[in-house]
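Here the structure comes first, spelled out in structure tokens, and everything after it is commentary.
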Amino acid sequence: MINVLIYNEFVHEQTEERVRKVYPEGIHGCIKSFLEGEDDISVSTVTLDNVNDITDEVLDKTDVIIWWGHMAHNRVPDEVAQRVQAAVLKGMGAIFLHSGHHSKPFRLLMGTSCNLSWREDGDFERVWVAKPTHPIARGLKKYIFSEHEETYAEPFDVPEPDVTVFIGGFEGGEVFRSGLCYRRGAGKIFYFQPGHETFPIYYNPDVQTVIKNAVHWAKPDCRMEKLDAPNVKKPGFDGE
Amino acid sequence: MINVLIYNEFVHEQTEERVRKVYPEGIHGCIKSFLEGEDDISVSTVTLDNVNDITDEVLDKTDVIIWWGHMAHNRVPDEVAQRVQAAVLKGMGAIFLHSGHHSKPFRLLMGTSCNLSWREDGDFERVWVAKPTHPIARGLKKYIFSEHEETYAEPFDVPEPDVTVFIGGFEGGEVFRSGLCYRRGAGKIFYFQPGHETFPIYYNPDVQTVIKNAVHWAKPDCRMEKLDAPNVKKPGFDGE
Amino acid sequence: MINVLIYNEFVHEQTEERVRKVYPEGIHGCIKSFLEGEDDISVSTVTLDNVNDITDEVLDKTDVIIWWGHMAHNRVPDEVAQRVQAAVLKGMGAIFLHSGHHSKPFRLLMGTSCNLSWREDGDFERVWVAKPTHPIARGLKKYIFSEHEETYAEPFDVPEPDVTVFIGGFEGGEVFRSGLCYRRGAGKIFYFQPGHETFPIYYNPDVQTVIKNAVHWAKPDCRMEKLDAPNVKKPGFDGE
Amino acid sequence: MINVLIYNEFVHEQTEERVRKVYPEGIHGCIKSFLEGEDDISVSTVTLDNVNDITDEVLDKTDVIIWWGHMAHNRVPDEVAQRVQAAVLKGMGAIFLHSGHHSKPFRLLMGTSCNLSWREDGDFERVWVAKPTHPIARGLKKYIFSEHEETYAEPFDVPEPDVTVFIGGFEGGEVFRSGLCYRRGAGKIFYFQPGHETFPIYYNPDVQTVIKNAVHWAKPDCRMEKLDAPNVKKPGFDGE
């Protein structure tokens, strides 16, 4: 069983009627709902209101965290972000969605500004599959189509990825590296651009396929008990 | 002085009136012309007719080779392609333009099929600058605009690049990694997508800027005399 | 079931008594023997004598190829090497052992000279685990110890790897990147340095663990039917 | 002129006689001294006592920062570390020496724990040149020899580097990736392992060569005025 923890800041849904209409159970509720259709995935959720519940104990039992945040990144305590970072380095998978590019844990893990260009005109988007043989792209056609999406545009200030799985092309002409894989420490990280709060992106079966695939891809190969810099002895000849 | 050698297969220009009208001196003639405007660049050219002139001696004196080919890739002898590969590994820079993605030396250097999807509808293209602080992007605005271009589309089967400098977005909606940097051995390699033979792409000042920048970027840091796998002695304590 | 095909050139074992004593069934026989102890692995073997049996049909049914060659690289036909390259690009895994760094398919896939420095003094070696959380390192201690090994030394002219899993340190002081992961096309590639023919390296349980792990790691995520560069139509809005 | 700013925490030299004997002017004094022998390098220094002098204004005028710290990493204010990180992302070069692997700005830029294994037995070390054609290795023989050095050992928890320039091999048998290049944002970063405070490593002409080369390599290609995530307009056809 893959234990998934979904963090959604859950602010837009409570403060904006148009967002609540799209996601009456919150974005986390929507994602939880389709992930729970998988036999091997178990889902918990947490929101900004109880963000301090993201403790080391919880993270130790989490195989993959999914993170959606936007307007309240700064209200996530640094300690929580650092715990998430450490958990990833110890092996937990992490999937950052849409405006999660500016979340504290993603920025900590990338080491860059994670800035991008953006505009909100409700453009349609094709998320092109640039690496169709990658496990995260399994089951997709040539692209994922969204009728309306916030436009994200290059330059995207992230380290060069291990794999560029998706590249988005927007109605207005912009392009954006929409699906990027990283390894950091023992953990695997996937950034996925689709998911503006005002559009029903997470109901799109192809988007759901990507997130399910990404959960399977990001689950730990190996967990480290702790991060340390040991003082070692001169090696012998027996492997230790 | 940077010694540039331009290889252009020079077949379309001789067999198709519409191409000859665009490039009466050949694509190599056009590129030579704008590169020679640079104080520190000296240019030679070679075409398919005299492709065997690309000898080891010539390559040893070449700092950067620029390669344009399309319909006659297979008429380039394997030996010539292998010489170019070896010269790059020893430090020569290489710039592969447009359909040069399927040239023998590029495929040898990449190790992959270098396949891509394509259609010829004369779409406009914006070549977006994904890494504006890269030396190859110096002097550009946000994108390079071409009124008509052959459409190249992902997936592009190349190894993950060191840097994705440009990503193209086409009128029909396709996206393509249009400017990619690699290091192989001692050499630097740049692939640049624009340049279909039927359109006057290489007269575009922004495209010229990229090629000039790429020549400066790709020039050798260091040249190796030969490629070898030496039988060495047990090391002492003096650096040798 | 993971279908493994072991290629061993099988020349040293037939021409040198000291090698035959170490590997009376050939290096391929030794590797086959310990791989067959795994429930989910099925093994075939092929040697230089019947290298043309490595057909496209055979490769299509092979999940992971393991390649050991040394003195007879040049007697492997180019066509066979190209078939192996194409099969990897279509998704087959490939493990290149020891002097396989200079084999034709490895060089085709890397695009570089794959040169290294070497000496044969029977040094002991510690193959250090640089990435202990990588699946290929599962079950190992800090290093693998070999009492005698041919010394391989940097510089190793390969593209920067996706992951440096192992780094060897030799008795005489040399260092070498001994375990390197690559993705090329749809396939995964692992290079592993241990295995000089005159020493019983492949009887070492830790070395066997690595090769078993690597088989599991390299098995295809996805197979492509063919490598092609399709002429496509302007995209619609339905994924195709 | 390349403006170099050397940060040295300068604590060991003031609290330990044996360190003061090696570096009577501080480690920064030693590095400043040999860098000032270069015609095109101008050097300033700063220590922990005046670490808040590392302001945005100072960093804007700094082309390359060199960072040595060990026992007082935590006394560097977070704000200073974040300023250094931001300056690198905007284009400033950064060279982190020895125990600077655990400094705040290096960890911020890497996003990983930057942990390693270590022991202090005064082993000799050979820092092998793994990429002899890299500009940072110019002028070196096969390895740099240090008679005594603190032993650093893999695993080293950093992201996979762009280039592995050096790999160290220690008397006791350990290995360590001793020279690593990264690009983050617009900036170039070089980590270089040699330089324990109790040994006269920075008087070694080969080590000095590396640091001089690294300064030239890391100097900015391009400076960004600010890091921002602009709200953009739908693109036209003129590059903006």
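Brief remarks follow.
Note that the chains are named A, B, C and D in the order they appear, and that numbering of residues resets to 1 at the start of each chain.
In the analysis below, a contact is a pair of C-beta atoms (placed from the backbone, for glycine too) under 8 Å apart; a residue touches a chain by one contact, two chains touch by 3 or more.
Bear in mind the structure is a predicted one, so any value in this text is a computation, not a measurement.
Shared contacts of chain A and chain C, meaning chains that touch the two of them, come down to B, D. More contacting C-beta pairs link the chains of A-D than the other of the two pairs A-D and B-D. Chain C and chain D have centres, each the mean of its CA atoms, that are 36 Å apart.
Chain centres here are Cα averages; for chain B and chain D they lie 34 Å apart. Residue numbers of chain D whose C-beta contacts span two or more other chains: 126, 132, 153, 160, 162-163, 173-174, 183, 185, 235. Residue ranges on chain C touching chain A, taken from their complex, read 91, 124, 126, 132-135, 138, 140-145, 162-163, 183, 185-186, 206, 221-222, 224, 235, 237-240. For chain C in complex with chain D, the residues that touch the partner chain are 126, 128-132, 153-156, 160-164, 167-169, 173-175, 177.
Partner chain D is touched in their complex by these residues of chain A: 85-86, 89, 102, 108-113, 115-119, 121, 153, 157, 159-160, 162, 172-174, 182-185, 227-235.
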